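Two complexes are shown next, each including subunit A; its partner changes from subunit B in the first to subunit C in the second.
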Partner chain A sequence: MRKMLLWMIVVTFAISSPVQAKLRVFACEPEWGSLLAELAGDAITVDVATSALQDVHVVEARPSLIAKMRQADLLVCSGAQLEIGWLPQLLMQAGNAKVSSGAGNFMAASQVMTLEKPASVDRSAGDVHPDGNPHVQLDPYRVLAISKALAARLAELDAANAATYQQRLGDFEARWQAAIKVWEAKAAPLKGKAVVVHHSSWIYLLQWLGMHEIGSLEPKPGVPPTSAHLSSLVDVTKSGAAIAIISAAYQDSKPGEWLSGRTGVPALVLPFTVGGDDQARDLFGLYDSTLDKLLGVLK
Partner chain B sequence: MNWDGLDLSILLPACLAGLIVLATHVPLGTRVLARGIIFIDLAIAQIAALGVILAQFLGMDEHGFGVQIAAGVAALLGAALLSATDKRWPDFQEPLIGTLFVLAATGGILLLANNPHGGEHLKDLLVGQILWVSPGQLWTAAIASAVLLAVIAWRSGKLAGFSFYAVFALAITISVQLIGVYLVFASLIVPALATVGMHGRQRLVAAYTIGIVGYVSGLVLSAILDLPSGAMIVWTLAICGVLAQLLPTVRRSHPARSANVGIARNDA
Partner chain C sequence: MRPMPLALVLSSALITSAQAAERAVDPAVAALAERIRALEANAQILQKQAADALAAAQAAQAELQEMKAVRQDAPVAAVASNGTASPSASANAFNPAISLILNGLYENHSQDPVNYQRAGFPLVGEGGPGTPGLHLGESELSFAANIDDKFYGQLTLTMESEDGETHAGIEEAYIETTALPEGFTARAGRFYSNIGYLNSHHTHTDFFSDRPLAYQAFLGNQYGDDGIQLRWVAPTETYLEFGSEAFRGENAPAGGAAHSGVGVKTFFAHAGGDVGVENSWLAGASILRADSTGGEDGFSGRDNVYLFDFTWKWAPHGQFKDAGIVVRSEAFLDDRKGIVVDPADPDALGQAWDGQRRGAYIEGLYRFSRSWDAGYRYDKLWAASAGPYASDFDPQRSTAMLTWHNSEFSLVRLQLAHDQPQPHFIDNILTLQYQVSLGAHGAHKF
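Now for the complex of A and B:
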């Protein structure tokens, strides 16, 4: 055992990488990894903790996650308690004071106004987040506000590259504003349309597009459906003229397909974040793919 | 390949958690195997979780020490029930354990039907993650395990009936929260199964060695391959158990004969 430990120590020292001058950023979700790539390019090193095909509420512990968190100069997450199931433990285990609070701790949802912020938190209402709905990445205006705050934070932590961040932000902002115009024109037919959702994670997208949610497969967020809820949902889906039943790439597609089979309304899997499908390779692709898929069911 | 995770300060607490769990689970595992009640750990873990859910259902604070007491009391009640059924219907102990397992698991679902937060705690209790262990948890688990080991050593041959089930229930309640139910099962069964033909002190040494090599290699591999540690260790434990069969001392007892030994003990 002692030999083994000695061996481990030797190996650890032998391979530890040289000190890096680049800012190291730990991103909890791929959408923030993508935004960081837009804002900083290769001026920083980004580690993304989760993928689009993974439920960010739950993350399996891997040694590399702790190691990456230790080396990080900046932590970028959705926040609003989305990562409450694993981020506090990971931060505690890593013991990196730079990112546990202060300038090195960037929570995207704290930079914007969140929706569905409850006046009082009552556990009987289901898995509601007291800081509001954390799934802010599907409203382009909120993403823009977050990108400005994030570029400012990068410049604050890494003054040497401040000009780069400022210039890249300007470039991103111009392309993003132009893209918003294209998206809004393209998405005009979706206005006023109704959908049924799997989990309450689409509120920002629906609000932006002027769509509305008439039902959810989960009777309360995070609570599995009961038979009474499902039977009323079948009626609501039919009578409310829903155009689709939407779920995220990481979610189980069975409940949506079940409802689709009983109502004839198509079940639609949307990427939800960067990497959720082949087209959603970056933030732009994410929006392109989401809108294409939603418009596809109208035809 | 990923060399970042190969950091002693990350892997050492997890390794210590594994060693603490192995300390009690190796000797308990040989008894569980001899009795042929290998799924008892799953049943006890599920009952402990049910106890926690019930405590929350009755309004107990979800964090803190009360939850641990609730888990321990529920596990001990489960142990008392199982030792009673063991006495009354010894031939049906395994199916009874299985039934108790599904009752406890589904009882939790029924109680939690309206409480998603409770669901998170149920998961926390059953899916402890070995990398997240804190120094505080390690100390508590180490002290509790030392006490349980002392009881095991003191009762040695006479650890039967309720005393066996009680020690077992408490050991499982501690270890499941530390390392999760899959690793608990593997730590309990694999070293005992790999050394089933051996006896006494020699068997314990061999079983502990398999366990320790399994944990250390699993942690190192999970760091290098960047894979979830708990699942990786389950596999390295099993691989170490199989590799141990290459050693003459372990193999000396013919596989067929060792199977007979297991059955003979079960009958005794």
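Now for the complex of A and C:
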């Protein structure tokens, strides 16, 4: 039996021997996969762990993800406890010291100020995050700050390609700054408008656009919408003059549609991350699609 | 002496040919040398560019730090300064993550558990029927934290009431490496063996309120002991994990801490992967070799337990939160050679035993909404046809359950079981259970 085990180890080493010179990056969410593609192109290999149709808070620690984590040189995640239900388990099982801490561990939310950092935490308030709201990908300024930190991290881990990362960051930054100007001009009519949200995951987008949230379909973050709570939202939605009831592509659209039917306020499914709809093929498309859909309900 | 002239001829031939080549290729060599010089110069320029880029990247990071400092979202800044003001808070910042599992049950049995006997399988460990009536289940208190840059530690305490007395126990207390290279992880202390599927999982992550019969019969419900573990994950696209453990051998299926307290050895291998986006699988093969002296069931000798496990999960879009199906099965082969002395009568003559017993279960879980799961499990044990525990009857059990989750931290479960441990003994069991987790948000294994 012991001999067999040894042979198995030898054989697996032999199978897996091809040396991977390229940096291999494990991205927890599609938005960071897209950002990595902007900053590194073909210089790295990226594994994206989740899709826009999954709630990244409750992903399963699947064996395939352990295998990917085992081979990663860098881990890029939102952080702020968003992935707490599965990422620690992957790290514990993969036995990859390169990414469990230090330079190989990059948490996007730690690179910027987070909003909604609670003064005290209590689960009776739902699934709250002590490190603040982790859904930072919908504020273009935060994305820009994260891109700079990420490019620096890539250069630190892979000095041979440092020039590439720097050059691509410059290119991305120029296009992103230009896009922000276009988006802000386009989104001007949304300023001051109110929305009802499914889950408290839109704060960064709303803050950037000068919009505000007047209600949430979930009675508490992470607690599924109940009919009693939805009924209580009917008046709020009408009197608050909400322009839309917004939910993400991965969320159940039924509660939003129910409220929409009672109030006449359109239910809007936004991509939330890259891959959330046909237009959101990269970070630029994500913002284009989000703004187009929001502006669409004003017409 | 013959090789000598041959060597001379050969070497002179080589020299002349080499000289000829040198004369002929001379201009080409010069050209090559020129190119090398050019390339060297080029490399120097590239090196300088890389260094510049690194410097620029560092500058960007510095700029970012500045941005972080300058960009003040007023409410956030206020909270942050409040939070860090008190010295006691910063002292507590290093406290381990604490999580607590609370669990209570009501059980209704159609037979008195006192009369419960399993044909061919003496009850060992905690592998018997539950307590009738209202009672507190196992409460679990767990502390976990990184110890330093190289070690992680975890302690899980259990508290249980039995016959009016409260028992506290150390369920797990181990340290684990976090910085071994090449996918290796080592663990030492008291912990549950990584054999099979359910064995390494805490019971509060199970689909049912009790363990399958095979776990009860062959591992005393769950095999944990004092020991060491080394495991290795292969750098492959398909998940492959191999490992081995050595345990003291105090608990069932072992007993008496044989071999000066290294009575159990295990080997395990697990493989897993995805099929498309919506399907995932995990399979394993394990062996546990236990040497017992005076085990709980009166057995002394060698016990080899072979386990095979398989799990398949399906979920729409790979999102198990709202819907999905899990199918799992594990098969056991228990191969013993030794002597059985009736534990109730230690002076009786021992009976030689060389035989095999088998057990298996298959379970399915259907999650039909965010809050509701339904499941079914079928258990069977195959007794030995000869030896001290010979039986013509094979115990079996069917279990169905319905679980309501309010959130990922709380559940209420209704379970119905039809248990037939002997030919004319049928125990119908109704179980109502609540189970909650408080404190740190645990991350669960697949």
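Everything that follows uses one rule, which is that the second predicted complex is superposed on the first by the 276 of 299 C-alpha atoms of A that agree within 3 Å, B and C clash if a C-alpha of one lies under 4 Å from a C-alpha of the other, contacts with A are read in each partner's own complex, and residues count from 1 in each chain.
Basically, a contact is a pair of C-beta atoms (placed from the backbone, for glycine too) under 8 Å apart; a residue touches a chain by one contact, two chains touch by 3 or more.
Keep in mind that what you see is a predicted model, and the values were worked out from it rather than measured.
Asker: May I ask you to decide whether A:85 touches subunit B, subunit C, both, or neither, giving the answer as first, second, both or neither?
Answerer: both
Asker: Based on the superposed arrangement, let me know which partner A:266 touches: subunit B (first), subunit C (second), both, or neither?
Answerer: neither
Asker: Look at A:60 in the shared chain and tell me whether it touches subunit B only, subunit C only, both, or neither; answer first, second, both or neither.
Answerer: Both: A:60 reaches subunit B and subunit C.
Asker: Check the residue A:156 against both partner chains and state whether it touches subunit B (first), subunit C (second), both, or neither.
Answerer: Once the two structures are laid over each other on A, A:156 reaches subunit C alone.
Asker: May I ask you to decide whether A:71 touches subunit B, subunit C, both, or neither, giving the answer as first, second, both or neither?
Answerer: both
Asker: Touch test for A:240: subunit B only (first), subunit C only (second), both, or neither?
Answerer: It touches nothing on subunit B or subunit C.
Asker: With both complexes overlaid on chain A, does A:223 touch subunit B (first), subunit C (second), both or neither?
Answerer: both
Asker: Between subunit B and subunit C, which one contacts more residues of subunit A in the superposed model?
Answerer: Ranking subunit B and subunit C by residues of subunit A touched puts C first.
Asker: Using the superposition on chain A described above, determine whether A:93 touches subunit B (first), subunit C (second), both, or neither.
Answerer: In the superposition, A:93 touches subunit B and subunit C alike.
Asker: Report, in rising order, the residues of subunit A that make contact with subunit B in one complex and with subunit C in the other.
Answerer: Looking at subunit A, the two contact sets intersect at 1, 5, 8-9, 12, 15-16, 58, 60-64, 66-68, 70-71, 85, 89, 92-93, 123, 126-127, 222-223.
Asker: For the complex, give me every residue of subunit B touching subunit A.
Answerer: Listed in rising order, the residues of subunit B that touch subunit A are 2-8, 10-12, 14, 113-117, 119-120, 123, 129-132, 134, 212, 216, 219-220, 222-223, 226-231.
Asker: State the interface residues of subunit C toward subunit A in the complex, per the touch definition above.
Answerer: Residues of subunit C touching subunit A: 46, 49-50, 52-54, 56-58, 60-61, 63-64, 67-68, 71-73, 75-77, 79-80, 82-83, 149, 152, 176, 178-181, 183-185, 231-242, 244, 267, 269-274, 277, 280-282, 287, 313, 315, 317-322, 370-371, 406-409, 438, 441-446.
Asker: In the complex of these two chains, what residues of subunit A are touching subunit C?
Answerer: 1-2, 5, 8-9, 12-13, 15-16, 51, 53-55, 58, 60-64, 66-68, 70-71, 81, 84-89, 92-97, 100-101, 111-115, 117-119, 123, 126-127, 132, 145, 148-149, 151-152, 155-156, 159-160, 162-163, 165-167, 169, 222-224, 250, 252
Asker: Which residues, counting only subunit A, touch subunit B once they are in their complex?
Answerer: Per the touch definition, subunit A meets subunit B at residues 1, 4-5, 8-9, 11-12, 15-17, 58, 60-68, 70-71, 85, 89-90, 92-93, 123-124, 126-127, 220-223, 226.
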